[in-house]
Structures are given as structure tokens and as C-alpha cells.
Amino acid sequence: MSQKSEKLIDKKGLRLDGRKPNELRPIKIEVGVLSNADGSAYIEQGKNKILAAIYGPKEVHPKHLALPDRMILRCRYHMAPFSVQERKSPAPSRREIELSKVIREALEPAIFLEYYPRTAIDVFVEVLQADGGTRCASITAASLALADAGIPMKDLVAACAAGKVDDTIVLDLMDTEDKIGAADVPVALMPNLDAITLLQMDGTLSLEEFEQAVNLALEGCRKIYAMQKEALKARYVNVKEVEE
Amino acid sequence: MSSMITRVKQKQIAQLIAKGKRLDGRALTEYREIKVEQGIIERAEGSARVLLGKTEVMVGTKIEIGQPFSDTPNEGVLTVNAELVPLASPTFEPGPPDENSIELARVVDRGIRESKAIEFDKLCIEPGKKVFVVFVDVYVLNHDGNLIDASALAALAALLNTKMPNYEIEDGEVKIKSGYTPLPIKKHPITVTFAKINDKLVVDPWLEEEQVMEARISIATEDDGNICAIQKGGSGYFTPKQVLEAAKIAKEKAQEIRKKLNW
Amino acid sequence: MSSMITRVKQKQIAQLIAKGKRLDGRALTEYREIKVEQGIIERAEGSARVLLGKTEVMVGTKIEIGQPFSDTPNEGVLTVNAELVPLASPTFEPGPPDENSIELARVVDRGIRESKAIEFDKLCIEPGKKVFVVFVDVYVLNHDGNLIDASALAALAALLNTKMPNYEIEDGEVKIKSGYTPLPIKKHPITVTFAKINDKLVVDPWLEEEQVMEARISIATEDDGNICAIQKGGSGYFTPKQVLEAAKIAKEKAQEIRKKLNW
Amino acid sequence: MSQKSEKLIDKKGLRLDGRKPNELRPIKIEVGVLSNADGSAYIEQGKNKILAAIYGPKEVHPKHLALPDRMILRCRYHMAPFSVQERKSPAPSRREIELSKVIREALEPAIFLEYYPRTAIDVFVEVLQADGGTRCASITAASLALADAGIPMKDLVAACAAGKVDDTIVLDLMDTEDKIGAADVPVALMPNLDAITLLQMDGTLSLEEFEQAVNLALEGCRKIYAMQKEALKARYVNVKEVEE
Amino acid sequence: MSQKSEKLIDKKGLRLDGRKPNELRPIKIEVGVLSNADGSAYIEQGKNKILAAIYGPKEVHPKHLALPDRMILRCRYHMAPFSVQERKSPAPSRREIELSKVIREALEPAIFLEYYPRTAIDVFVEVLQADGGTRCASITAASLALADAGIPMKDLVAACAAGKVDDTIVLDLMDTEDKIGAADVPVALMPNLDAITLLQMDGTLSLEEFEQAVNLALEGCRKIYAMQKEALKARYVNVKEVEE
Amino acid sequence: MSSMITRVKQKQIAQLIAKGKRLDGRALTEYREIKVEQGIIERAEGSARVLLGKTEVMVGTKIEIGQPFSDTPNEGVLTVNAELVPLASPTFEPGPPDENSIELARVVDRGIRESKAIEFDKLCIEPGKKVFVVFVDVYVLNHDGNLIDASALAALAALLNTKMPNYEIEDGEVKIKSGYTPLPIKKHPITVTFAKINDKLVVDPWLEEEQVMEARISIATEDDGNICAIQKGGSGYFTPKQVLEAAKIAKEKAQEIRKKLNW
């Protein structure tokens, strides 16, 4: 986050890509896209293109890592070398390791972990193209992949960032807004439980601005939640059609 | 699938092949459906996605300015990397590249390099000092068998879709200008892989066939039918006759694929 | 401690907190005793040791001359690293940084970077070519809970204690001269961490509280009360109301700490 | 493989080192050269100097990697830092990892793997000096080391490359021919079974040239096979002499 | 070790920091300084600042590494990145790996390893600031940490170097003397058993000089031994006071 | 060998030594047969193979042009590496260097470096910028005990066999010319290792003696008898008297070896 002279909001109050401050980018979600995974989902949000897959529940190796009273959730967030402007080494960066952890902790509250003791679930996220807000889009997709895998869940997790660019609180920052805007607040929500499962912030916000940003992000999460449910419905219809 | 059902199915696959048939209904030298999409990753200098049946491979290319190798000071550099990312198969694990992904990358590299598909001399900016480096990143997204052919095809499709930045040299410094030039590609090497099952050769094995195959052979040929790369794999063997037969079929199938794709 | 005693104690901690009390007698928003010592490692350009109750963190800073990032050619570089060395806790293992130490380093980094605590433009020697690189090494020596606040505080204390070498440019080469200049610090970001236990928020959780907490939230604020960094952790959640409540308390507690330390 | 102007075949049809096109380099083979290994062999082929050693059959650790119905064959092909012109880092390169795999797959068809279920055999190859064709010489030596270790085998594996330099199909390429010649075709053969267990190619060959090259390489393999049997015989005589 | 023109001993026979040749640097030792470790000690010797901690005896993972008749001693000597003039990468260097080994082998003879078969003890040493002679100071501290952890021992191990600077045999070399002096001989001793458990040397010494250096180092060890016992006594008194 | 036979044999070794005898018939201060071959790897700048009984070590040297260390701008650089490759012993495992190979490399390095065996000032090409870097790669091929002495001897033999390329400086660039100059070696440090078994010292322990030894001490001496490096190893101890006795014997044995090899 660093403030530069570039204008991110024009005179009409519109953003670089023509969106209004409280508008989401175009989102496309598909569930059940990979034949090998136990569950999978694909999301496009702006130019973000992200795949999430679930393998499990399965046995834990080595065995002494298994937990007697709950399932272990593991998560790997990973970016393709060609997903960003300068080629990224395929070895996990410190950023990817941190994001793997916060994404896992954003999904954990949604899962009935105690249903499958001594097992593990793997969440694999691959960012094929990155355009700002990949952690949120990853959570949105991974939560659908978990549902597709039939993992018992308390609710879906929907995620979306809000932030501040040019003194305006805006929803769903794209790459340029993320990089030269004043603040970014990614949030993940289980809408039915009003439970925030991911919250980070960088940049600078007053308490009042922070409250506005959180509320706008929560609104975004709820809109995305509706799209998640649509995508799941489409998947079931598809499956049914194939089976018939 | 339980291992008993697996074994019954494997037996069935092998028995069918002995009769010249395959479980999915294909002829022994028939490919699964091939779909190629190019230009799907805007961030990359080039990209393609190939579906070979349910096998899905994405390739992105990146172009950077770097140093040439000391023995080829006037040529650009090619670097091929393959990732068997764990979402593609329950048998892939996170971590540094294992022998399978390294072999895959090197076989894809060999086909492109040995056929001289890229005009490397046109990638030289300043002899001995600055050249374009082409990164080809093979990303396997779903593994249903025959990763080699799908990856080689996706790599070629991505290279054909790759654009190099325009530049000029000002006061000895390279300045990137607006606009792009297509990466100069003059050959279209196509790799055709055979599995040996019950002493017969089948083309484009899918996953269940790979699980019963005794050995594998991959043969890349150029537009003019010359062979430019071969790799035998697996813990079985081929007779000299089988090897020569495979080479002939590989040449034909590659021509078919080139024709279908208008390359 | 046997796991049964542990469970009894954990239950007790949770029950007390429901009544607004803590096992060690603190109020819910009360910090443990904070001790800060600066300048303890002469070999380092800056150093500090922070005791937060029994939690002990040492930070040393090093200044080297290096290259700026290409998108900030006129600014110095900050590199924060954290080591959870195995003498600090039976749960820390030797080896490369794991996700916990990486998260710790990145959260400490974020507080300093986002608040623009360091005047990075004053660390530029030659635009685009040479700048001062500030290494902040967080060394956890004893882990009794709330490593984030202790580490962030120790990092700031060490930076306030850091001296840059004087230099002049002679014939295009940087010559280090005698004498030092203090590292230019203009903000004092303070991070305040909350644990959620039995649906209540408690400030500065010690180890036993961390073992029962559902989730954790860390909020860094600047001297003017603005928020500059947040990190939620742990496998539980917060309600929107709790988040806003935490932000308000974090601002107050940070001011208290700044006042106590005369920053 | 890259074609350059250097002449690799002179007017008399002889190669840089004076060999005729279908001539092998001088080969020296010794079996049973290391006292600690369960089996070992040393080969010099031109300037190649290569040691192969076998350890096993032995227990597999961790145990869940063992196979219930067969032995596991493991192979490490490794080059000494001083074996090549520019010092090689001792960490395994991608090339060494690929060659370890293809050498293992060239040896596997020769071994009765099912004789020792739940065990493993290690094949260790150290290239002390490299001069082109090391993978073939490694297979030739490793197959003798397996025999020396008493591992039950269907046949020895003999390996040799053929290729094309200056429009001529030649046998057993040395380093310079390998680097600036037009094509290289390494082949491994179990002569008694007429079974090709390794086949690779790089360069460019027409179908006809390829057929010629394979046939020439197979001829080379058969000559090397004769030398392998001589070396084994010499080893048994030696052992007998020592025992008497 | 390299001899340069700098004078390390002045006309009065005093060293750079004013010490006489056979004089130790100021030493401060504290036992039981870390609340989580089973035993711990802190030492300052000149500008060296070193922490040692003991965890164990504890179970060995994986189990097949445990020894049926004795305990395993493990040791990690590690330097903080800020402990030396130029920032040290936190990854273990070859020097740190060697020193971890010699420190472990200097401590092992002092421990009744057979008292706790099938277990392991970890010795963790962290050099917070380095000023020459860190391996000796680490052994001195680690041996106290072992005693603090209640590990049964034959004797404490006290360690100290001697060496040669400007043709003079001197005790307890500091950083500059170590770097530009003529020789350095670190020694560790169990004084009650007259047993040397660490001995290394680099530089150049005649046999006679070597004998002098060893004897001077042993004298230094005995002085440090007395301080170790004082520090242990202080610890017990402290503990008693706390407990009363 | 079963562990019971091993234990009986180990007891026997220890009891014999108490009587001044060794299982293989040697006297306590007698070396096994030493064979040294030089110049066996043409690709290397220098090479040697040493047999010490059945222990076999090969050393190759490589010379490259590189940068000097900043504190010795006029001196060449020495880098010693040791590989305990798994074909040499059932106890060696593939993988990055472990503590044993690192210690071996560092002990070999210390003997060469501390004796100033190589005239490093003659390896300087351009002060502060370009010097020759000498890589000494120790390759253990068969481990039958006393790797330190065999490796140190092989390293010295390889260095004595090493040739530096001739060069001239043209327009500030180093040009390699034809012809070679021997690497300038002025000292012949020889390392002698003792095992302590049953409280006695034996020279050049073989593998079975190493398995019963309490401790090990290696002492390198120069041509003039001065000591230049020592390393104690193993989990036992030495008395001060034993240490001084070992130093005296090491000096004598090293002279014997130098004489035998005409160095």
C-alpha cells in the first residue's frame, strides 16, 4: 500500500475499470470442474482465475500426526509461475505460506471437524492468474469445493475485500487499487452465522473508515454468498442431468 | 475404487487389447478428443490449455531479458519447467519437483529444443550479453493419462501464441517499446506416446491403461517426418521391431494432429 | 503437565473469563508487566529485549548497503525475519521457518511498513542503485504467549535504537565515514492482540490462554490512532461487533503503552 | 545436439579419435572392486570412468513404502564435481535425476523383482570422469554389479549409443561427437531376450537413419555383452583363487 | 589464523583490552534463566553473550532412532543473525554444524547416558553476540544447563581456549586475537577427572608451544570451573528462597 | 555380520590392544599400507587416489576464476568439500552433506589452510577483483576406517598434481593462454589420527577399531614438525598426557610418510 499521484477514482466517482465504489467485479463460478479431485471449484473474479480442489477425508501419514477427536485441515495456496507480471518461482514464497495459513483458518470454522476424527482433508488452491484479492476469491472457491466434496459444513464461507482508494471506501479492489490504494481489508464471512473467519488489513484507516470498510466488505460477502449458492445449484442440476 | 475391482478392470483392459480393442472404445492407434485453447492467461506472454480426453494441461510462457549460455552467445535461452500440482491427482504431492515432473519437463524441452522449433538466433539482443529467455511453465491440472503428449502439445500451442516485446537499444541500455512481435517458431514438433500392454502398442494411453502398461515410449517428430526426440519409460521393454513400428505410427499420428490444428 | 490437569486448568480459565476474571488475576484488558531494554547487542546496529511477563523477545537490527526494489528506486528496504528458536519452547523445532514464524515476521513487518514508521526516502544513497537495507531479526527466547505484541514492540524499540553509518560518495563509490546518524523513525505503531475465549475478548493472552482460545486478532495502530495493520488468526471466528470493539480497545491500549515508554 | 562447421569425420572416414564409424571405444571392465558393497563394478569406456555399487536386498524404511509382492529398485546416478570440464555442484541436477530414473527403468526388466518381496535394492553409480555416453556405461557397469551381488537376473543389460555425425551413422559417441553431432541414440539391451530396456534420442534423424542407428547400437550392445561376460568370468576366477 | 603487522601485545606485555597474557576476560554466569526449558544457563565472557537450554530426557521420534542401552544427546549450536559484524543468515552454516558436533562430543563424556535408555536430550545453544571463543563459552554454559535440568553427570565441563599472539602464549583469546593471532587451541575439561573432552587447534605451534598452550588452557578451565560451581550454588539458593 | 559376533570381535580388539597388539597384526603406531596415485582424472586440474589399506579416497581439484574475500584481496581462495557417497559404505546415505562429511571437509581444509601449504598470494590475478579459486573435492569411495588421514593425504597429493592455467590480461580482461603452471605448494601438512581404545592410543584405526574406540584425535604437522591443526572427535576423552604423547608421535609418523612419498 502506498499512495501515489495516480487518480484511481474519476470525476464521475467511477473507478479505473468503470465500477462504482460499492460494485463487485464480474464473477463467474463453476463447481465440480476436476474429475480426479473429491471436490473442486473454479472462480473468475475480474481477471483472477483460480482453481480449488479437495482431497479427503483420508488417512494421516505419519500416523502420530492424526488427532483422536478431530479431522486435520491442510491448505496450500499456490500461484502458477505465469499468473503474475514477473515470473514467480514455483517454490512456495513466504507470502504463499502465510496465505495458506490464513485461508485454512478462514475455512476451519465452517467445517464440522469432529465428524471425521483421525483423518485429514487437503485444500489445494492454484492461482492461474492474479488480479488483486486472490486470497478472498480462493476462500470463496475452496469453500464451494469443500461442499462439492460432501464435507459437512456449518455454512459456506464467502470472502471479499474492501479498502480505501483516493479517500473513497471501495469494494473488491483489483490489482492496481490494491497496490497504490490507501488500504485493503480482506474479510471472510459465514453469512448465516454472522461470523468473520478472515480479517486482515494493511494501509491506514481511521476507526470510522475501518468500520465503513468492514461493513462494505460484509455486504460484498453476502452478494458473493448468493452466487455461491447459485453455482452449487447449477452443479446439482448438472449432475442430475448426467445421471438421468 | 477398491483394489479388487481395480484388478478385475486391469485384467479386462489387457484382455481387450489382446483382441485389438480398448475399454473406452477407441482403436489401438486412436487419440482421445483433443481440444486446444490459446491466449487464456493475459498476464503471460503466451498461454494455452489442452484437453486430451479428461487430461488437462495449461502452459504459460514468460519472456525475460537474461544472459546467453557461454557456448551459444548469439542465441536466446529456453527453460522448461513442469509442475504436477497436487490438485491434479491423488498421487501428486506438494513439494519440489520429483523425478516424474523433471522427466516430463525434460522430455517437453527436448522436443522443442532438438527440432529447433524456436529460431533462437532471433532472440539475441546483444551477443554474449543480453538475450530473451523463454520460460515455458507446464501446469498439469487434471491427470487422466498421457501427460507427455498433452504437455508437449500445450507447450507448442503456448509458444505459437507467445509475443516478444519490441525494444530498442539506447546508449547501450535496452528500452522496451510498445507493441509486440510474435515469437519466431519455424517447426511444429508433435510427441506421440505409446503404451505397451499385453505385448501390443496403444496410442495415447489413458490413466487406467497406464496403470497396467509394461512400458511407454514417446516419439517426437517434426513437420517433415524426421524424428527429433525419443523417451522410453516404465519398467518393461520393447523389441527392436516394436520400436520401429512405433516410430512409423508416431510420424503418421503427428501429421494428423498438425493437420487437424492447421499448424 | 499431564493432559488431564491441563484440561481442568483450561476449563477453569474459560469459566473465569466468562465471569470477567483471569487465572493470573489480570483484568480482561490488562497487559502483563512490560520491560524494554535497548542497546544490549553492541555488534548490531540496533537492539532491544522485551519482556512481556515471562515472554522474552530479542530483536537485533543490521544495516547493509543494497539495491532498492525497482518500483521504489528512491527508498530503502526493510527485511523482517523471525526465528522461533527451539530453546524458547518445547513446541519449537530446529529447521527452516515454519508458517508460524513466517506469519509472525510478516505481521511485525506489516505494522512497521504500513504505518511508514521508517522514513524510507532518507535511506536512499543513489536512486535506483544503492540504498540502506534494514534487517530486523526477531529472536524469540522464551514463549509464554502473545509473541506478536512482544515482537512488534521489540522491533520498534530496536529500530528506535538503530544507528546508520555516515557516508560520502567519492568518485561514484560509497565511502563509510566515522560516526552515526539515528535511523529516521517518525511513527510508533503498537500492536495489541486479543484472544477470544468463551466469546469474550482478552488482551495480551499468555500461553495457557492461547491454548484455550478460539481465535486471535492483532491490531496495530499509529500515534494518531489510525489503524495500520490487522491479522486474524486461529481456527475460530469473530462477530463484526467484536472486531469493532477490539479496534477501539487496541487504540486505547496502544496509547497507554506509548505513554508508559515515553514514545 | 547442434550442427557446427567442425569436421568430425576425416577424408579417410575416420573419427576424431581415429575410430571407424562402427567401432567402439577401448573398454575396460572390472567386477567386484569395492569391499563394502554387496556387488560392484568399474568401467572405463574411452575417458569415461564409472563405478557402480549395489547394496541390498535390504529392509525398506519407512515400512509402508515396501511392496507386498516385489522388491523395490532404487537408483542414484551421480557425477563427481571434478568429472566434467566445469566443476559440477555435488547436489543432484535435473539431468542426474532424469538419468537415475531411466537407468533404473533400464535395469528393472532384467531383475526377478518378485523373488524378494518387501525389500529394496540400491544401485549407486558414481561418474568419476565423463566423456559422453555415461548413461550407457553406467547401465553396463550397474548390471554387472547386480550380478556380482548375486541378484537373480533374466539376463545382463548391455548398453551403447549410436548417432549421427557429419551425415554418418556412428557407434559409441564420445563427448565432442555427442555435443556437436547431429543425433544421439542411447540404447540398452538384454541380448538373450532381444529386449530394449532403454531408448532415448535427441537430434534429428529420418526414419531410415533411425533404423540404422538402432541397429548399430544393438550391435554395439552385443559386443559389450561379450565383454561383460568376460569380466564376470575373470571375477569368479579371482574369487576362486583367493578362496583356494 | 593469519599473522598481520598489527601489535596485539604492547610494550608492557598487555593485550589490546589491557589483560595480562594469562588473564581471563570478565565472566558472568547465570543458571536457570528460561522458564520453558528443563534447564538453562546464560554466560557473558568478554562481549560473548550466549544462552544454553536443555529439553529432555524425552521420547525419540521416529522410534527406530532410539538406542536400547543409552540416551541420545543432540546438540544445536546456532548464532543469531545480529551476533556478528556482517548479518549471518539464520540457516545453519557448515561451521555451525561442525561446532554442534564438537560441542556435543565435549559434553557426552560427562553424562551418564546409560541412565535413561531410549530417550533423547536436546542441547540448544544460541549465540546472541560473538566475540571469539564462543564454542568454549557454549560448552561452559551448556554443561551448567544440563546440571540445572537434573541430568546425572560425572563432572561439569569447563572450557577455555589458549593460543599464541605476537609470540606470546595467551589465555582466552578475544575476537581480534583469534582472527589475527598465530594460533588458537580451544580445550574443554572435566577437572575432577583430568579428562580433556574437546581439543582443536588451528594456526602454527611448535610442540613446546603447544604444551604450554594446553597447560594454560587447562588452568583457564579450572578457574572457570570454580565460577560454574558458584553459579550453580547461586541458583540453588535462589530456588530455595523462592520456594520458602 | 550379526551383532553378537560383532560384540565378541570388539571385545577381542580391545583386549588385544591392552596387550599392545592389534587384530590385523599391526603395531600400535603402525599405518596400514599406503598407496598414492596422482593424475588419474584428466578432466580435473589435479587428482589423486589414496588407498589406506582398504580405505579408498579420490580427490579432484578444479581451478576457476572468482572473487577474493574482502579481508584478503590479494589471495586466492580455497574451497574444500567432502562427499561420503553411498557406494562407499552401508552407513552413508544419499543427500546433502551431514555433520560427518562437513567435519571431514573442514578438518582437511584446516590442515591445508593453517599450514599455508598453498602460496595464496601467487593465485591473485587482479587484487580485490579476480583470483584463482581452488576447489578440492574429497570423494570417499570405500570406507574402511580413518577417512581423515586418507582424505588429507589425497587432498595434498592432488594439490601437488594441480596445474593452473596460464593467462594474460588484455584490455582489462583475463585471457587464458595455452600451457600450465604447477600450483605453488610450499608445505606438506600430514594428518595423523589416533583412536583411544582401552585407554591406549593406536595410529590409523581401521573400521572395526573405530567401532570400539572411545575417542579420536587427529593432528596435522608441517615439514618442520610444527603442529598446524588438531581435531578431537568421538564421545570419549583424553588425558593431558595422552594429548602430548599423540602430538609427539604424530610428528614422527608424518615425517615417515613424507619420506616414503618423497615429499
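Here are some notes:
First chain written, first letter: the chains are A, B, C, D, E and F, and each begins at residue 1.
By definition in this document, contacts are C-beta pairs under 8 Å (C-beta built on N, C-alpha and C of every residue); 3 or more make two chains touch, one makes a residue touch a chain.
Quick caveat, the model's predicted, so the values are computed rather than measured.
Chains making contact with chain C as well as with chain D: none in this assembly.
Shared contact partners of chain C and chain F, listed by label: E. Of the pairs listed in A-B, A-C or B-D, the one whose interface repeats that of C-E, with over half of its contact pairs matching by residue number, is A-B. Chain B and chain F have centres, each the mean of its CA atoms, that are 48 Å apart. Centres computed as Cα averages put chain E at a distance of 27 Å from chain F.
For chain C, the set of residues that touch two or more other chains comprises 97. Residue positions of chain E touching 2 or more other chains: 62. If you sketch which chains touch which, the chains form one closed loop in which each chain touches exactly two neighbours. Order of chains around the touching ring, counted from chain D in the direction of chain F, is D, F, E, C, A, B. On the side of chain E, the complex with chain C involves touching residues 34-37, 40, 47, 49, 51-53, 55, 76, 78, 80-87, 90-91, 122, 124-126, 128-130. Residue ranges of chain E in contact with chain F, taken from their complex: 1-2, 94-95, 97-98, 100-102, 105, 108-109, 185, 190, 193-207, 210-211, 214-215, 218. Residues 72, 97, 99, 102-103, 105-106, 110, 113-115, 215, 217, 222, 225-240, 243-244, 247-248, 251 of chain F are the ones that touch chain E when the two sit in their complex. Those residues of chain F whose C-beta lies close enough to touch chain D in the complex are 40-44, 47, 54, 56, 58, 60-62, 64, 81, 83, 85-90, 94, 96-97, 135, 137, 139, 141-144.
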